[in-house]
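Each of the next two complexes has chain A plus one more chain, namely chain B in the first and chain C in the second.
Here is the complex of A and B:
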């Protein structure tokens, strides 16, 4: 193997390791997997948003030739006595249990060797319901007597949620608090007080590979092949459900056709494992695109934000009340509520801060993690709020932000001192790239033009652990065992670059073993921009461990220092033949201090900060409300980019996704029924939607404790993008639109309301 | 389900025969009878392009086209594009431009790009954007895809001159 100069692998834009597989159609996805004797499951779903189940008649379906079995919760209970699962709360039944909580909830499954037969049989199942009053809106549900769940059931895996155990009579699943200073006093003595309310809509991940799991449970062993971002968690949760030790559950993930936070924790795995256990045959369930809308989505959010500001423009207090519409099952929503609640006052240095953040159950499809973990919803509010205040105070929005900006060395509202967060540098680059100070033709005929800027940040889920194993074979070739899931972000490639950097190897010749919990060690999950930093550090440590062992071996063999004999020769000398391995291990959990439950204060809330800034230029047809984003700039502080091209692809990919959530995507419900749950009606961005001028760039930064200065890049450009566009539109038309998505109709209505109010 | 017929067609240059049933789609035929996995069903409505296959040179949605309509047709899938280990210039260009992330939609984009370049050997950005509108990439590798199409066009022009 060619020796590589140290330092040469960092900052190198090598193509993805799996490139040839992906352009030749050979890449393996769970989507394709077939096992001998496998049954296909199709899901019969609730048509009611909230109802008691009177009866499910499966007899006609079961009698259809070719149907192997029709399964309801009663069947599941014969093999799993407590068939409830979930990462934060054990609130979700494997199939509806006496009650349905959203329209689209799985009620029964038909199993057949031929999926077409299973599909046909679904039409023969009859369910009778007794409808219950339902709650859909997060504010309404927060105080409604109509309860989605009778009792809160926090999972044991989240020790900080145990105080909620057994709580009854509420739809509020979690109430997160942060208190700093004295907001009441600051509001009482303020020169100006501004209060605004913002709302964001329910949207979906739309991975192109729909959710799919194959489970093969037999002879006391469970093997799962699943499109998951978190194989280690799946193993833990399936072992708990089955009451088995972890070593009898094996979870394998090949390539993943997109995740974006949807395929985290536990999804189809609980149901498919239960089915396979029940029938003692391999079972596969592949969702359709339409069914994905019932699996997991992004939280709609209502955010009331109130600020006290001095005459000069200094923000002295901020109160945030955030309601997260979590849908019918908590999924990871309580964590979203905490983590996004924690940064909901924005990247500003404010003396007095009060944050209440509520996870609320409603009768909608469940909501969980989606690229940004709540940060995009909060930034929409706090950054539009900034511009609205600047407008009222006649302040320049950039100068207003600069005056209040949270800078390194200063404590964030939760007490953690900011470090390695290039917020101002990101904003400056976003301003420069959009040409903030260049002249803009604001009016031409019916067209108005405007520019907007926004900044944002996020904390990273903590504390979490990653473990890595580097194995150098007897010929000197190298493999890396990690449970990080490469879902397209390029983690295999980046991790190989880190190993290559430490061991002076060509990363393109390193093999990265895809997650297989029998083989690859624990990782908390491929989520929340954590892989480069957490797993990257574990991989660096594992490679350094291997390097130390190689040096140790050379010493044991009495090689003179600096003799630099290749590993293959060292091993041959030791074993007398081509044999043996050098195995290096690394494990990493960053420093963390649990926040005080009453005040949210802590010395160390997050291992690093995700930082993004966006700027936008728009033009608006004042007669129709039609608008175009003519220029869009996304800047992120990602520390030192290990693979700059992959980083840029993350920044632009996340940007386009959030652009969809800003301008077109919206799950529309009527009486609890989703009305647009297919790609025919729910549109995601295509090539034509991409702004013509679209710039994505990383700042020149350094995350001092990250691997070779790097930190995560997957979410940073989702944070500030929406408010940059919202602020640009307001700059053009003179009024802010408080709700996402920003559609031509919303713009038109805003223009009309301004006209009716006597504006211009 | 007994509604079956035999179809004879050319698959990636080879004469092929299969028994198909009435409701079977082209994607199902390719996956179940020929173990070809590059064309993948995603939206199931012919709107995302993940299942794109060339039939008699036309790009079709393999999730909507019934398998028995390929009787007598020439079918080309992503698996037939490379010549042994020699990739097609479009495949090379997609690698060089980094024009994919998760890769699930990539087969469809590459086949559609083949079709695009057969009609527009030197396409503008606008032509690329419009031509590829039926292919969706949720990872949104769109800037890189545009770059890849230009790169592929340049490679093919060089090959044509050689």
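Here is the complex of A and C:
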């Protein structure tokens, strides 16, 4: 074993542990898995956005040679009496139950040994519907008499949602409130009041590996192999659905081909487990790329924001009204509504704040977590709003932000005192890297150029827990058991670096055991930038526990202090042969205080703050509205980067993704039908679309209570990127575009409307 | 029936027999890139696919006539073969230029020019370029061969004037020395998207005079379309900025549909601006 100097593993850009396996095609993915006797399921989906199901005729499909069985909710109910699931609300039936709530909803499944047969049989199923009036827009749905669900059904696992139980006659699934100071008085006495409305569109994660689950339920045991970001949650929810103890449900997750929040909580697992239970054979369902548009997406959002500002530019009050279009099933939408609602007034120090954030059901595909958990939608609004006010007040947008910025030691609107959040340093670095003060040739021919800056922050899902086990074998080699899912972000590598740092081992020689709930301990989920901080701390504690036990063993063996005998020799001395283990465990749950339900106030809302700043330079073709982002800079405060190269990959990956959500991606619906649900028509950015100058960098920061000063990096660059581009475009053309995506046509229309209004 | 049969006939007679009559859902296949997408989306379900790879040698090859006046290109020629062909680069550089913006290397390696024409999706990049080059196609069917000018070939959205049983065998492309040509691909989303508007241009200039011109619009209309009104404003004239602007304005009557790439009037605007710019550029 190589001897490594203590302190040398943090800040080391070691290559990912799985690189060789991935490039040689050896990495394990659920898509490769075949079990003996396995049936393939293909899903028959609703063509109606909102309708009662009169009849589903499966007879012709069932009669097709090779079809094992066609399954509807009636069949599922024979084995699971109450087949409803979901992380926040138990509102989603395993298959449509009496009615369909969005076009694309699963209605029936064909099972066959040959997936081509199952696919063929789908065409033979006939469903008869009685169409119901549908609601698609979040504002309309909020007051519509046409209800997506008759009654709200919050899950028992979320105690703070219990007041919603049994609520009827509304599409509003959750109303989050934050109150600080006296907003009305501040508006009444304000020098200036500004009010703007912004909208964002529905987009999808587009993981390269579509959803896939294999379930094998037999003899009172359920084993799931699934592409999930949250194996521990899947086990809990499947155990609840089956009415079984957790130890009879086993969830295994190999590598993931991307997750981005889509593969969280419970998705295909409920359906595939039900099917396997029903037919007592292993069942596999692999979605196509096209079907992913019907699984989970990012919330469209309407945000009305209003600020009171003094003559000098101090913001004295802010009112936020945020409407989240959650689609037909809640998924984790209510949590997005709360968590993104919580930071929707932006990273500013404002005395009087009023926030209302509403989760609204509509007849669209469900919406959930997507890289930022709502923070990108809110930052689009509050950061464009900042520049619009600065323009009206003739203030420098940077000075205006600086004057109002929330700084460490000051309470955020919800009462939590901000700590270790390098907002200003991030902004400064973003300004420096774009060359904010360098001259800009603003006009050349038809081209106008502009620059934009934006900052943003997010709270981290709380309270959540991570548990880790470090096992040192008799020869001194080491494995780490964690339920963090490596979906491409490099968590295996970073966790191995933490163990290596504590135990003075070479991280490249540590084996990280992938999630298997029979083996790896609980983790709340690989989500919300939490793994490095939460699991990283649990791993550090587990490694320290192992280290203490090694030292204890040395003492028991009467080794002189500092003799530093290798573990293998200690164990050999103890057992007289190569035998035994040293097991260290660590468990971490950060401090948290539940917010007051009426005011949202708490002393500790979030374990740490995600911080991002972006700057952009654009050039606009004033005749056509076509634009180029010529420079794009993303800066994040990630604390101490444990693996700087992986941090940069996280920042740039999130940046490319959010760039697509800003300028290209849009799920377009006509009468509730998705019209561009394939990669031929739903375009995502390629490298050819990215700005020539694309800088992604972390500030020099320190998260004092993070593992070796680190915190999460997965979402930071999604927050401020869109408004930086929006503000740069407005700087060039003289007017803001309030809706995402910012397309060439939207820019053209904005230029035209300015011309028509006599502007210049 | 589950699945489908894939045939690779060794003669034309065999191919015709496999393709069957008008009622048949057997389909000829070039590279299969468009067909596979339609099958995957369940828009089309053929009973059999008939590859034309080995049916006749005339489906293959890129030949410049001995007098150097025209190319004959087999319908099974892949985009990549065209892209990397020296004589094409020399005599029809607009084709080489178009290839770089067309789909991606993986598609270009298998997609064929015949399949591309027969697919008749108006968003495709190559058909308007062929049309601007005054190309024609040689078809072959059970009833014999025909030469069809490309101008008469497209019938509408995904529709052609091919007769039942007929196959595209070759594309004939005149070489036109002295012409300046360009394909302008205007995308409104990602760089690898299909165009919102495609413009294929050819200008024949003598001194300052435009002696002849071809303007073909694609993507925004249901088929590639010669813009004859605009052409006639330019033909035989000096290309002053005013005249170019008049020609661009003369595109106003074209029926353009709104879609996810842009509204009809925005696409009409893009056409006007980019046509004027390309004309200005080419005329200089």
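Quick note on the criterion: the second predicted complex is superposed on the first by the 760 of 760 C-alpha atoms of A that agree within 3 Å, B and C clash if a C-alpha of one lies under 4 Å from a C-alpha of the other, contacts with A are read in each partner's own complex, and residues count from 1 in each chain.
The working rule: a contact is a pair of C-beta atoms (placed from the backbone, for glycine too) under 8 Å apart; a residue touches a chain by one contact, two chains touch by 3 or more.
Predicted model, so just to flag it, every value in this text is computed and none were measured.
Enquirer: Under the stated touch criterion, which partner chain does A:157 make contact with: chain B (first), chain C (second), both, or neither?
Expert: Touch status of A:157: no partner.
Enquirer: With the two complexes superposed on chain A, say which partner A:624 touches: chain B (first), chain C (second), both, or neither.
Expert: Second partner only.
Enquirer: If we overlay the two complexes on their shared chain A, which of chain B and chain C does A:685 touch? Say first, second, both or neither.
Expert: both
Enquirer: Pick one for A:47: touches chain B only (first), chain C only (second), both, or neither.
Expert: In the superposition, A:47 touches no partner, neither chain B nor chain C.
Enquirer: Kindly classify A:675 by the partners it touches after superposition: chain B alone (first), chain C alone (second), both, or neither?
Expert: second
Enquirer: Should A:664 be classified as contacting the first partner (chain B), the second (chain C), both, or neither?
Expert: The answer is second: A:664 touches chain C but not chain B.
Enquirer: Can you tell me whether chain B or chain C touches more residues on chain A?
Expert: B
Enquirer: Once chain A of both complexes is superposed, is A:748 in touch with chain B (first), chain C (second), both, or neither?
Expert: It touches chain C, and chain B stays clear.
Enquirer: Which partner does A:27 contact after superposing on A: first (chain B), second (chain C), both, neither?
Expert: A:27 contacts chain B only, not chain C.
Enquirer: Have a look at where A:601 lands relative to chain B and chain C in the superposition and call it first, second, both or neither.
Expert: The answer is neither, since A:601 touches no partner chain.
Enquirer: With the touch criterion stated at the top, can you tell me which chain A residues are shared between the chain B interface and the chain C interface?
Expert: Comparing the two interfaces on chain A, one with chain B and one with chain C, the shared residues are 66, 114, 116-117, 288, 290, 678, 680, 684-686, 688.
Enquirer: Under the definition above, what is the set of chain A residues touching chain B in their complex?
Expert: For chain A paired with chain B, touching residues are 13, 15-16, 18-29, 31-32, 66, 114, 116-117, 205-210, 255-258, 260, 288-290, 487-490, 645-646, 649, 652-657, 678-680, 684-688, 690, 694, 696.
Enquirer: Touching chain C in the complex: which residues of chain A?
Expert: Per the touch definition, chain A meets chain C at residues 66, 114, 116-117, 120, 123, 288, 290, 623-624, 626, 660, 664, 666, 668, 675-676, 678, 680-681, 683-686, 688-689, 743-745, 748-749.
Enquirer: Spell out the residues on chain C that touch chain A in their complex, using ranges where they run on.
Expert: 2-3, 37, 40-42, 188-193, 260, 262-263, 266, 269-270, 273-274
Enquirer: Touching chain A in the complex: which residues of chain B?
Expert: 1, 23, 31, 36-40, 42-45, 47-48, 50, 77-79, 81-82, 87, 91, 94-96, 98, 100-107, 110, 128-130, 132-133, 135-146
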